[in-house]
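Look at the two complexes coming up: subunit A is in both, with subunit B in one and subunit C in the other.
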Partner chain A sequence: MPEQAITQPEIDAVFPKVAQTIADALGCDLDEVKPKSSLIEDLDAESIDFLDLVFRLEKGFGVKIPRGKIVEDARGPLPESEFESKGVVTEAGLARLRQFLDEVPTERIKTPLKAAEVPRLFTAETFCKVVIRAQRAAA
Partner chain B sequence: MAIDSGLQGKVALVTGGSRGIGRAVVERLAGDGMQVVFFYRDNAAAAQEVLAAVAAASGRGEALQADVADAEAVGAAVERVINAHGRIDLLVNNAGIVRDNLLGLLEDVDIRAVLDTNVGGTFNVTRAVARHMISKRSGRIVNLSSVAATKGGRGQSNYAASKGAIEAFTRAMAVELASRKITVNCVSPGVIETEMSQQVRDLADEQIKARILLRRYGQALDVANAVWFLASRFADYITGEVLHVDGGFKME
Partner chain C sequence: MNGRFRSFSFVDRITLCSAHRVEGHYTVPVDATRFPASLMAEAVGQLAAWASMSQLDFAIRPVAGLAAEAHYGQVPQPGQRLELQADIERCDAEAVAYRGSATIDGQLAVEIIDCVGPMLPMAQFDDPEAVRADFHTLCGGGVPAGRFGGVPAPLLSQIETTGSERLQALLSVPLAEAAPYFDDHFPRRAVFPGTLLLDALADLAVQLAQRSAPLRDAAALLPSRVTHVKIRSFTEPGAVLQLEVELLDADADRARLKLAARGDGKTVATARVEVVRRSPA
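What follows is the complex of A and B.
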């Protein structure tokens, strides 16, 4: 079943708390955290910060975000073998990412994109959507 | 006058705390003012004795039953500690078992039990605790290795391999957690007078002592003192290290 689209009001509702959580996890100023900020490229996050961030979001919102869930969701219905080839995201994979990460400017989702670098695309809004999906799953 | 180790009031979690070296670590840390929670697998009576000893010395201790090889049980037990205390400042991965025998005589179950408890247990508990330390941006992890990691004896293939893994794990975790100001070190005891080493001491007493420069076995407190040091503020600038407490054990 296709996912029910996430609406802007839903994102606006969780953004302030998600932004504060990101600021806490990364130790940056709250006003640096914009919906379109890439956590890794704009806010200097490291992969270990994602672990901490997800942990804090789980606690703050009272939801469960299973390990690996974000990347798995990003891949969507595509099996790993169609999503990437030799570690590089395929055309089909890129199309899927543009659809799933519609908050990310499409010009950033271009070949060659290594599968391991997909998290570089994640923005504050990506994490708003992660929280909304987790809330929906719990409802 | 007591020296300020920086440990007073902080929370420690020690695995395998009801006996041997683990017990000495629990008592040493509680004696220095830490709130010490320890895991024990099945010896509730021994755990009660430790708690009584801690209380008699005006320390604060708490025992939780948990098999470190059981990831789910470990997750639940660590959550209980966090809910009760809000944080874990120090983790001591001490729980370990031996099933010595020549490789050809080792049953699969003896190999697996040692690796599951010694290595798997260290992974399970560290994974559950480190996430909290990462959030706090501080913490200390001290893992218990053994002289067997570098100088394994006959019949110790499973145990030696498990302890070698723990030393490698220590160095990798030191790298992984350094940016969060968490230090990860190892204490590597030689032959210590505990129940666990009784068999090997009975079998080869003179041969072993001949290899120890100080010509005697160590005491659990010798190891506990090293753990205390690595946990204290005196070890602020030490990470990824193995501290040998073995009386100068040599292989000649």
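What follows is the complex of A and C.
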């Protein structure tokens, strides 16, 4: 079943708490966290910060975010072999990412993109959507 | 492998190990030269690690990562027995999440909350079959107490103040051959234990707090809470880390400080600590 589109009012409703959670996890100022901020490139997040953030979001919002779920959702219906080839995201994979991560400026989703670097694309708004999907799954 | 259970193992016996709960105990050796409070948190973390490794068939193991809070109720004395327990909140291929505590004679010694240990392949750190055998030893009769000789005080140098609210120092991590704990901590990969790094940072924090006006008259201070712990990367033997502590606020009873350790221009670990006056014995 296709995913019901996430609306801007839904994102606006969770953003303040998600932004505060990001600021707490990364130890940065709240006003540095903008919806389009890339957590890695703009806020210097590392892998341990993503782990920290996901656990904080789970506790803060009372939801479960299964491990690997974000990347798995980003890949969508594409099998791994069609999403990437030799560690690089395929054209079909890039098209899927542009659709799924529509909060990310399209110029940032360009070839060659290593599959391992997909998390570099994630923005604060990406995590708003993660929370909204988890809330929907729990409803 | 000579160091197994000898110099950085803080569980003597596991008395209960179920999917969500693990219990055990550890006795601080009577002749341990130095047993900092952070090693009580290490003991609880090791207990949770044993439970998580057994759940995942010893293919992967957790390493130090995050701890939202550790608060200390007392300082352990040589010969005292720590009753350890941990509740495993989540355990999968990515991480183990847990909370736990240690008590001495029924009184809380340390409680740690919202800890997360990222998982890495076991074979990088130890022989999986040897670890499995160690687990069965701990779940059976256990290992004899009294093996640990203590850890030396952190080797801090070039301690410098920046104004009245910052203190910096260099921490010289020992070489592997000079510190037996490396061999027991991760036999296949020498890594400076995160709890010893926190011990060094707390030591520096106490020095700065003692220089603050409200606490200058304190006979002794000690860490009571450590929060926001984040260990970002491994520290190799022989490394020199830049430690920095920053005073956030202080009153007549306590001070709160921000802690950071950096190596090669990158942040290795961060935390916050609250130090209080040591009560008269």
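Convention: the second predicted complex is superposed on the first by the 139 of 139 C-alpha atoms of A that agree within 3 Å, B and C clash if a C-alpha of one lies under 4 Å from a C-alpha of the other, contacts with A are read in each partner's own complex, and residues count from 1 in each chain.
As a convention for this text, a contact is a pair of C-beta atoms (placed from the backbone, for glycine too) under 8 Å apart; a residue touches a chain by one contact, two chains touch by 3 or more.
Model, not experiment: these values are computed from the prediction.
**Student:** Is A:Glu72 touching the first partner subunit B, the second partner subunit C, both, or neither of them?
**Tutor:** neither
**Student:** Per the contact definition in the header, classify A:Glu82: touching subunit B only (first), subunit C only (second), both, or neither.
**Tutor:** It touches nothing on subunit B or subunit C.
**Student:** By the touch definition at the top of the document, which applies to A:Glu41: first (subunit B), second (subunit C), both, or neither?
**Tutor:** A:Glu41 sits against neither subunit B nor subunit C.
**Student:** Now for A:Asp52: first (subunit B), second (subunit C), both, or neither, which partner does it touch?
**Tutor:** The answer is both, since A:Asp52 touches subunit B and subunit C.
**Student:** Can A:Glu117 be said to touch subunit B (first), subunit C (second), both, or neither?
**Tutor:** After superposition on chain A, A:Glu117 lies in contact with neither partner.
**Student:** Between subunit B and subunit C, which residues of subunit A are contacted by each of them?
**Tutor:** In subunit A, positions 27, 46, 48, 51-52, 55 sit in both the subunit B and subunit C interfaces.
**Student:** Under the definition above, what is the set of subunit B residues touching subunit A in their complex?
**Tutor:** These residues of subunit B touch subunit A: 131, 134-135, 137, 176-177, 179-180.
**Student:** Which residues of subunit A touch subunit B once you look at their complex with the stated criterion?
**Tutor:** Its residues touching subunit B are 25, 27, 46, 48, 51-52, 55-56.
**Student:** How about subunit C: which of its residues touch subunit A in the complex?
**Tutor:** 65-66, 92-95, 97, 114, 116, 118, 228, 230-232, 270
**Student:** Which residues of subunit A touch subunit C once you look at their complex with the stated criterion?
**Tutor:** 27, 46-49, 51-52, 55, 59, 67-68
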